[in-house]
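Take a look at the structures below.
Consider the two complexes below, in which chain A is the common component and chain B and chain C are the respective partners.
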Partner chain A sequence: MATQTEQQTGSDEQNLGPLQQWTQGVLSDQEKQQRLYRALFYVAAIFFLVTTLFPFYWLLVLALTPNSAILGGDWSLPVIGLEFPHPQGFNVVAFVEVFQQVPFHLYVFNSFVLAVTTTIIVIAVASLAGYVFGRLDFPGRGPLLLGILVVSYFPPAAFLIPLFDAFLGNAVVLPFVGIELFEPPRLVNTPGAMIMPFSALFLPLSIFILMTFYSQIPDGLEDAARVEGTTRLGALVRVIMPLSAPGVATAAVLTFIAVYNEYFFSEIMALENVPQNWSPLVGGILSYQDQYTTDFNLMAAASIVGVLPMLILVIVAQEKIVSGLTAGALKE
Partner chain B sequence: MSAETDGQVPAAEQHSRRSGPLVAVTRWLENLGETAFAYLLLTPVFLLLGSIALYPLLRTFELSLYANVLGAGEPEFVGFQNYVEMFTGARNADFPGSTTFLPATETSSSFPFIHVDGWLRSALIVTLLFTVVSVFFETIIGFGQALVLDQEFRGRRWVRAAIIIPWAIPIVIQGMIFYLMFHPSTGFLTPYLSSIGLVAGTNTLNDPWSALLIVTVADIWKTSAFMALLILAGLQSIDRSLYDVAKVAGATKWQQFKMITFPLVLPAGGIAILFRTIDAMRIYGLIDSVSSCTVVPSLSCMVVETFNTARGLSSAVAFVTAAIIGLLVTIVIIQQVREGI
Partner chain C sequence: MAQLTLEHVTKQYEDVTAVDDMNLDIRDGEFVCLVGPSGCGKSTTMETIAGLTKPTEGTIRIGDRDVTKLPPKDRGVAMVFQNIALFPHMDVYDNISFGLRLRDFDTDEIDRRVNRATEIVQLEGMLDRMPDEMSGGQRQRVAIARAIVRNPDVFLMDEPLANLDAKLRVHMRTELQRLHKELDTTIIYVTHDQAEAMTMSDRIAVINAGELQQIDPPLVCYNQPANLFVAGFIGSPSMNFVEGELTDSGVRTSSFHVDCDVSAIDGVSVGDPITVGVRPEDVHLADRGQDVTAPTQPIPVDTDVLEPMGNEVFVYLKLESGSDRTMAETEIDGDKEVVAGPQGQLLMSLEPDTDIEEDQQVEVVLDRTSIHLFDSQTGNALVHGVEHLGNARVGDEATHAGAESDSYT
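What follows is the complex of A and B.
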């Protein structure tokens, strides 16, 4: 496109260099300007597409290439000889082997159970809080909201040590007072040790999303339901939540993704990377990295299997993710 | 509870066709004042955040004031000694990996950030360097992506999905992808990058600088999309008629960008940057899955590496991490209060 423009302006202004001529042309001609911006736009769009998608292509290449060929390390293309990563073979068996070497399906299943349970808890608790912050006016509302906001920012590492202690079954001691409160059950290697931290960590985002959505339901609708004889909570469940279904779905999708993708507690709270200890996806992928250190094709295949649910979710629930992220971050 | 309720609202109770404890509780709820009702509904939030966030945070601070006693027995109160020793480097031996980590780095001058002896200072520098560099590039790339997504074109939905996908993938798989891209046995990129001196040619993922670079690139790849979405929201809230005015006034696209787009997107961009900064300071999983915490020690890494062996010290590191992030959070709070939450 640039060369075309050069040729066109070249005939008019012989005494200028080609670049100067082209710049002049762009500056003076609106249409050329438009075309330049269009070209820039396409270059940028293609650049972003390639950079975001290439790593996935690389996973596919590795998964389909037999491991011996990967270790051979020769990526030159058959005819041209240019070095470019491409599948060397079509070794679909890798996707079966992934489940045979390690019970990968069990890790994924654990992740799903953890994510679904956490999502249900978060939506239930955040709905009550979203209703309170979105629709009620009461003293202390602002400071409480800020407090919840602050909690969501702290690093998981700051919570780890006492939580780990408590989940091991050691007594919970009131800080600085030394009074023993109670002895919790031993929760490590159970879903509880992960669901509890996940619920707390991802609760604030859902509260802010639901607060925004619930506050937009007109008061009249709630009042009408109340006149019909519904209680305040009944109105929340029967009127406000159904009318805010997109908001509830947004919060649910974001919570599900967050839990499925979490690393910190997922890795630490299952003491061994075995599915019997409720180790989720993190454990499955890491056990390939730790135990089958040269089975690169299986590592790639496992990653593809693990990423598929998120791929589908992004394609299906794209609008929800976009609106949830922006609402959660900008309206807080 | 039900007995009380009966006393309070006998008239309503008589009119009700149903009775029993459930109805009684419902009536009691209905008759609560708005403030009491609000606080009652918030109880689950208080319980959850109190036990999972507030209690551990306070307890971490308390533990950091005691010596490294594990298991049974009374721990010894040492005040701020853990903090002092952490900053002076007196407790470097408590960090696993330091035996292989420190000597190797002290003899070689090619690892500048490890030169300042001691894990804490290394971790501080790693965390800050990672945060500043990754957030800087994420902002620029995110802005670029947002400008592309702000245009009207066919297939926009699909381009947006493609850009969001990295944001939605599990950290462990993100780590695995970059592990496989740069592992000397598989990574086709490593020979090229090492020939221009960007990463080490052998043992790439166990070389501190190379690993830090790879981790940073991996983070930029994954989280630029988050920036892009927040900035896009800012872009789309700009009043389009401003551009019409600019066009009539004869402004070029660049001038429009400079005078309208950029200044109006700045507030949204600022919030996005703050969010990303806070998030980047917590870096742990990516380092653990791409390389190792003993190679690239971040603050969270140090807590995880030591919490089983040196509890008091580990708590001190955790609290320092929380304090640094707390400082950033204060900025957010001041801003929220100014805007009137």
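What follows is the complex of A and C.
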């Protein structure tokens, strides 16, 4: 292509077709080049914005449209007659009804508590692990790290049945041998049955994130902290973690979002879909559907309500997350 | 404030011995420099004192306490690091008061001590700055303030000036000396720069390959080096070494002869290889040799390259005859670590106004009072100054006994 154009340069410009002229212009003219790049950027940005924001728009449309109109299924625009999802009515009451029909705030609370507790556990444990893997050299470091990686490759569903069995309070029995190991407490319908598996599942990712960050803190700073009067643990909390704030924030936010949105484990560990059994947010959204009717507008409104805490969190922590995901080495 | 004692401290990393049977006895209020080439174990020695590394063997005492197994925070030491190591997320006040806050001092006491420390290092009015808003010298002062604010028993400095530019380094050097005078604390200072060691310390501990070579006041290390390594390491430019052998009437090298009474030299006999060491300032032009009280016989040499430094001129001299042979010998003998220029060459330091050119034939004399003789096989010093030989030995056994068993008592 380039050589072709180069050959063309020699010949008379008027002989070129419009496309060739344009490519020629882009190749030779800096300004045209800039314009092309800007255009391409907007195309890509708009594509991503549409694919991510359109579902939200649809949720809003569904929430504002009365359920009967949704079920009517006529989405043609008033004048043009083109089929396009748009609000048919302005039924803001749906956002209030959400809380009247089921105690939706309790479901949100459940998910919030589960997410916060899991995040705290994960950050605490992953910090210790990240410190050890990132800053100390000891025999067996490689195999242990590989082991953690292997655990993170398991599909979570693989753990479900044995864990459910154990959390029901059945004795844990060694397979094939039949030896009874111990009888766990009955944890179903309690946060314990959800927080434990969540912590285990989300630990590996956090360990790897924090390991990378902690290993970049210069040894001198830790030594200085220890000479000044901290223990190794104190140096981790007072110096290494604050300096790795973007990494800690990234790990925390990723864990929080994942647990907040979790449905699979929690819905099974909560035997009935009621907030008293620690049913999560998604369980709450689905409870607007019963055997005979489905309140699509309420489900949509509940989804929007459920997203709001996440939205606030991301906006608040945005700067840290972005720098955490793209961080380079930290200077001393 | 306390004295510091290292007894038989050894640190091994898998198959490498970083510190080998180190014995140090540092008095209260003393300023001691650990000096040696890169990787000689001086920083590891420092880390074992600070408690950042545990020695494989040996005991470390600060005052009367055995601190070998204590964590760094309980040793009463403070440290200034080569890379300064200020906490980047804290301002100057928080950096300096870090150790005090950890020890639950009350706020008034912390304020009082921080103010005193910033006064000493002249950092008043900068307490709310962040480390990245300060220059290298200012950061180094903050690091020093952080160390002195706790009134440590022992003050450790691991090449604190290495990252500063040359001018600032000289300035900070005098500041540190002033600080030592003011605080009167025991200071251990690690450096690879022998000029820093010479100018600041009460005593220099020269370390090579994990072993203590000599620990003595700077001028003793300079004038009476215990062995070839110390002789070559201390002093810039370093001492000239010429290989030779002991004869009935003195020491003969391939190019000159030093007359002396060999019977007064212990531990060697006629025919043993001897290394003659002489510092550049003790080499003089023969026609200007009047001011040398005890010159040797004139030695014919060719000048090679001149290095005018402003206050003096360094002249590289080619020794005549047989220089190829000595060069070949040293290469075979390569296991001995000698910090010195190539054989068959002498470096001479002259007044800047001396009339001398390159590739000129001249005669030089050596100052007999400043000729050092070393046993080429062990590297140990035999005699410092051959002028007094036959009457009495210069220097006694205690100051420059063997390098391995050197323990200052």
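A few notes on this one:
Here is the rule we go by: the second predicted complex is superposed on the first by the 258 of 332 C-alpha atoms of A that agree within 3 Å, B and C clash if a C-alpha of one lies under 4 Å from a C-alpha of the other, contacts with A are read in each partner's own complex, and residues count from 1 in each chain.
Note that in this section a contact is a pair of C-beta atoms (placed from the backbone, for glycine too) under 8 Å apart; a residue touches a chain by one contact, two chains touch by 3 or more.
Since we're looking at a predicted model, the values are computed, not measured.
In the superposed pair of complexes, A:Glu31 makes contact with neither chain B nor chain C.
Of the two partner chains placed by superposition, only chain C is touched by A:Val239; chain B is not. Applying the stated contact rule after C-alpha superposition, one finds that A:Val307 touches chain B and leaves chain C untouched. In the superposition on chain A, contact of A:Thr231 is made with both chain B and chain C. Between chain B and chain C, it is B that contacts the larger number of residues in chain A. Put simply, chain A uses residues 231, 332 to touch chain B in one complex and chain C in the other.
Put simply, chain A touches chain B in their complex at residues 33, 37, 41, 44-45, 48-49, 51-53, 55-56, 58-59, 62, 70-71, 73, 75, 83, 85, 124-126, 128-129, 131-132, 136-139, 141-142, 144-151, 153-164, 172-173, 175-176, 196-197, 199-201, 203, 207, 231-233, 257, 260-264, 267-268, 281-282, 285-286, 289, 294, 296, 299-300, 302-303, 306-307, 310-311, 313-315, 318, 321-322, 325-326, 329-330, 332. Listed in rising order, the residues of chain B touching chain A in the complex are 26, 29-30, 34-35, 37-39, 41-42, 44-45, 48-49, 51-63, 141, 144-145, 147-148, 151, 153, 157, 159-166, 168-173, 176-181, 183, 185-186, 188, 221, 225-226, 229-230, 232-234, 252-253, 268, 271-272, 275, 278, 281-282, 284-286, 288-289, 299-300, 303-304, 307, 311, 314-315, 317-319, 321-322, 325-326, 328-329, 332-333, 336-337, 341.
Of all residues in chain C, those touching chain A in their complex are 50-52, 71-73, 77-79, 81-89, 98-99, 102-103, 146, 150, 156.
The residues of chain A lying in touch with chain C in their complex are 218, 220-221, 223-231, 234, 239, 242-243, 331-332.
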